[in-house]
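Dropping the structures in below, format is structure tokens.
Both complexes below contain subunit A, partnered by subunit B and then by subunit C.
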Partner chain A sequence: MADRRVVVVGAGPAGTRAAERLAAAGLRPVVIDEAALNGGQIYRRQPAGFTRPAEALYGFEAGRARAVHGAFEALSGLIEHRPQTLVWHIYDGALHLLCGTKAERLPYDALILATGATDRIMPVRGWTLPGVYSLGGSQIALKAQACAIGAEVVFMGSGPLLYLVAYQYAKAGATVAAVLDTSPFSASVKALPALATRPAMLAKGIYYTARLALRGVAVHRGITPVAIEGDDGVAAVVWRDAAGRERRTACDAVGLGYGLRSETQLADLARCDFAFDPIARQYLPVTDQDGRTSTPGVYLAGDGARIQGADAAELAGRLAACAALRDLGHSVPAAEFASLRAALAPMAQFREGLDTAFPWPAHFAAGFADSDVVCRCECITAGDLREVALEKGAPELNRAKALSRVGMGRCQGRMCGPAAAEVLADALGVPVEQVGRLRGQGPVKPLPIATEIVG
Partner chain B sequence: MSAPIQADVIVVGGGIMGAATAFFLRRRGVKVVLLERGLVGQQASGVNFGNVRRQGRFLPQLPLANRSRAIWGQLSELLGEDAEFIATGHVRVCFRAHEADRLEAHALAVREYGLELEILSANELRARYPFLAPGVVAGSLSPLDGHANPRLAAPAFGRAAARAGALVVENAEVLAIEKPGDDFLVETAAATYRAPIVQISAGAWGGTLSARFGEKVPIVARGPQMAVTEPMPYRIAPVVGVFSDNEHEGMYFRQVKRGNIVWGGGWRGPAFPDLLRAYIDPMNTLRQFPMVTRVAPGLAQLRTIRTWSGIEGYLPDDIPIMGPSGKVSGLFYAFGFCGHGFQLGPGVGDTMAELIATGSTPIPLAPFHISRFAMQ
Partner chain C sequence: MSRFRRLGETGRAPIRLTIDGAEVWALAGDTLMVALLANTAALRDSEFDAGRRAGFCLMAACQDCWVWTEEGERLRACSTEAADGMRIVTRGTAWRIDAS
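This part shows the complex of A and B:
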């Protein structure tokens, strides 16, 4: 039993706690991570030579960041950490790894996928201009490299990250030209009961908003983006306020995002069953309450399973490890399962509250001009998608992809997929779940042809 | 259930073979129903490499390939849609002297069939195609061949057939097929169809249907191992294929106008017709890398962004089943094209429509008759 190989993909909060629990059971898990240093995106560590204290990097979360970092460091010697390594495919009970240009096949007995999330993007005219970043990307620039994406930045979109990143930029000394939130204030009021399930989190949200106001940052709710303008780069954002008046805010960079999207490609390649999640408006892998998928030996934890944030990810990582251990024949106390499940329960309710407060603006898809670019890799416009839907009879996303090239570029639909689904569903006049989801195809990220097989 | 829908011909299977047959039958005024289990052109017809190649084929297949090539040249006018066919030329290259001898012999043999190939020396090849590796010793260029977009071709045939008056029914799996009297009855979940003539053009699934008429064939399903790179400036015009005795060296690639380079070859993967799935074995993709850069070393600078497979039907002699049934009158077959059907598709459609509508065709089909398996 001791030589069973358990692999954890991802070294963020979920992956760290999963590895910790596996090591505590006497296993020596392999932890694979794309980044050079552990911590994931939320607790991303700064490169060597940077000396900002945790409080400057993580704010209120400094304590949790230190705890997660510390837990991972304590595993030194007890786990096999493979940093800067991409899992580019999963096939026949083995992971396919890429480190630099070296490829390796790594069979597993159990696999915990803690792959996290990435920004969810709703395009707007001009979103492909230089100077437009995702919200998450804007935050990483600041967190990892102490860089701002511009001197005068507009943050536009929705979700808690919108306020957090704007606050972090303002605090770091950048000029925040405006925070433009597409969700109306009334949505926050409606969400309050659910959000109150985690009062400390709710208080943090209120704090960021208040601090932005104190610094004189204009915050507008219920806006509708019109365009990002500029010739060689961003010059302004044009938007309509809640009263419908068109306004223009000069800036030289835009951070854009509408919450997060689970990174589910590896679960897809592992052939896990997916089902439509009406809260996320996304197809997500099906799991039981402990993270077991439909594929034996494959478990999910953290934001890669569903977006519940870093604290929930720590719990879910540990819980998935417990499930894997039990399935491998280890004894895991029933009380441990019970307490982790109980701790996770309010997280789900809080998450539903966030989705109520900051809804994904699916209805923008109907408003795109035919010339608006939806898929930036392949320059596929809303008009192209409408044509394959209405004139070529594409009833679902994979057919639309085959006929139009949407989602066929470098990102393989990771950025454009959710918006493309909305445009297609709107054109066909069907609910978005009916257009399905883009089938996952390896490699998860581009694979150099110079890659050599090792091992 | 309501009364059967009557037609002259029912085509079972909406790949490029069935869709093209339905289209050309309509041009002859035949009342045709095309039944497709999923969407037209979704299986092997939609996921193949996109080769419009005549050289290197089984020689008795060349009249059919020539007829097909002529249609490819007029496809946009015929269908009113662009399937991205471009006659870029198709070049087969080799790395060994004895392989070069065989390329020359092939060039002589195909001349009888009206296909003119140009044999190129190593120096001529490098002058024309500077991306080729120094180890390439000779090549054979088929200047009028080229490539097209498989994702577009069969669906375009299906839509053109529908515009021409064919009843094209998607998401219509055939649940039962029989010939109780003079007519065939074909049952799907939503309707039953009746016609005196049926064509089975169901690719890797064709054998299951022919078996219902007492004609079993040893067909197996395999999946090509395809990949595509990120786009780069358009520099590689011809389709390039490697001619080798070693199957694993047999790579082929092409660059699309968009800039991506598509390749396949070398290995085949598992395919599961019952699940409607075929998979890439990631090790095959990795093994293809040195085989691709062996031909075009510059491609080592690129990255692959997607891989895919599909379900192709293979027969032991590597040629398809095409022509009338050996047992049942009014029954015709066109399936099992062994991974080389895409170029033939338009010609198969035209030829089968001619055979069905007139009772004969000048295209020799004897080598492809299903009875060759009944003899065993």
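This part shows the complex of A and C:
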């Protein structure tokens, strides 16, 4: 049993807690992360030589960030940490890794995928202009590099991160030209009962909004994006307010995002079953309550399974490790399962509240002009997608991909996937679940031309 | 023209790079993306339209921040640490064919 190799992909909160639990059981898990430093997204660390204290980087979450970083550091010597290593394929019970230009195959007995999420993007005319960044990317510039994405920044989209990042920018001394939220205020009111299941989280949201108001940052709700304008970079955002009036906000940068989408490509390569999740409006891997997938020996935890935030990710990471341990024949106390499951229960309800308060604006897809770019990798437009749907008869996304190359470019559909599904569904006049999902394909990210196979 | 604005952490050691032949200064610990965009407005030409690109996701997911060294090595600027002496090309590279 001691020889069983358990691999954890992702060193964020979920992966950290999974590795910790495995090590506590006497295993020596391999922890792989593409990033140089542990921490994942929310607790992303700044490089050596930076001096801001945890409070400046993580605000209310400073204590938790310290705890997660500390837990990972305490595992030094007890785990095999492989930073700067990409898992680019999974095949036949083995991971395919890339570190620098060296590729290697790593067989596993059990695999915990804690791969996190990326921004969920709804394109808008002009979103390929220099100066437009994802909302999460805008936060990374600040958190990991102490930079703002521009001198005057508009944050546009929806979701709790919109207000958090705007607040963090304003607090760090950046000029926030406006916060433009596509969700109407009435949606927040409707979501209140569900959000109240986690009062501390709700209070934080209210705090950020109030602070923005105090700093004089204009916050508009129920807006509709029209275009991002500029010649060789962002010069303004054009939008319609809740009353339908067209307005223009001058700026040189835009942070754009509508919540998060789970990073599920590895689960797909591990042949896990997926099902449509009507709350996320995304196909997600099917798991039991402890993170077991349909593929024996493969487990999921954290945002990569479903978007529930950092605290849930820690719990789910530990729970998935417990499940893996039990399946490998270790004894795990029933009470541990019970307490983790109980702690996770309110997270799901809060998550539903967030989706009610900040809904994904699927209906924008119908409003795209034919010339609007949906796929930024290869400049594939809404018109191109409508043509493959209506004239070439593509009934679902993978056929549309083959015919138009949407989702085939360098990002493999990470940026355009959710919007492309909506454009296709709208063109075909079918519910979005009917157009399916882009199948994950290895390599999940482009490999360097000089890749050398070492194992 | 620069795109990114530094809001702090400016006490780090300076490093020197060249962008399209011109010498610029950045700071030790910068990602290549920050080192470049603190000095210039974009990172590369789009292969599919006339526009320039300056990256998008900063988390190694979108691959929109590829730049090239003068020797023709492709680097993902958001996840590569800038190093003293790097010589980066952001325009009309001869290696574009390899980009897909």
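Worth a mention:
What we mean here is this: the second predicted complex is superposed on the first by the 454 of 455 C-alpha atoms of A that agree within 3 Å, B and C clash if a C-alpha of one lies under 4 Å from a C-alpha of the other, contacts with A are read in each partner's own complex, and residues count from 1 in each chain.
Quick note on the criterion: a contact is a pair of C-beta atoms (placed from the backbone, for glycine too) under 8 Å apart; a residue touches a chain by one contact, two chains touch by 3 or more.
Values in this document were obtained by computation on a predicted structure and should not be read as measured data.
Ranked by how many residues of subunit A each touches, subunit B and subunit C are led by C. Touch criterion met: A:96 reaches subunit B, while subunit C stays clear of it.
When the two structures are aligned on the shared chain, A:105 is found in touch with subunit B, with no touch to subunit C. By the touch criterion defined above, A:441 reaches subunit B but does not reach subunit C. When the shared chain is aligned, subunit B comes close enough to touch A:399, but subunit C does not. Looking at the shared chain after the overlay, A:410 reaches both subunit B and subunit C.
Looking at the shared chain after the overlay, A:88 reaches subunit B, while subunit C stays out of its contact range.
Once the two complexes are overlaid on the shared chain, A:70 sits clear of subunit B and of subunit C alike.
In the superposed model, A:449 makes contact with both subunit B and subunit C. The residues of subunit A shared by its contacts with subunit B and with subunit C are 378, 409-410, 446, 448-450. Subunit C contributes residues 3-9, 11-13, 28-31, 34, 38, 41-42, 46-49, 51-64, 66, 73-74, 78-79, 81, 98-100 to its touches with subunit A in the complex. Partner subunit C is touched in their complex by these residues of subunit A: 34-36, 41, 46-52, 118-119, 128-134, 136-138, 140-142, 144-151, 172-174, 232-233, 252-253, 263, 376-379, 409-411, 414-415, 445-446, 448-450. If you check the complex, the residues on subunit A that touch subunit B are 88-89, 91-92, 96, 103, 105, 378, 392-393, 395, 399, 402-403, 405, 408-410, 412, 441-443, 446-453. Touching subunit A in their complex are the following residues of subunit B: 39, 42, 46, 151-152, 155, 159, 229-230, 258, 279-283, 285-287, 289, 292-293, 299-308.
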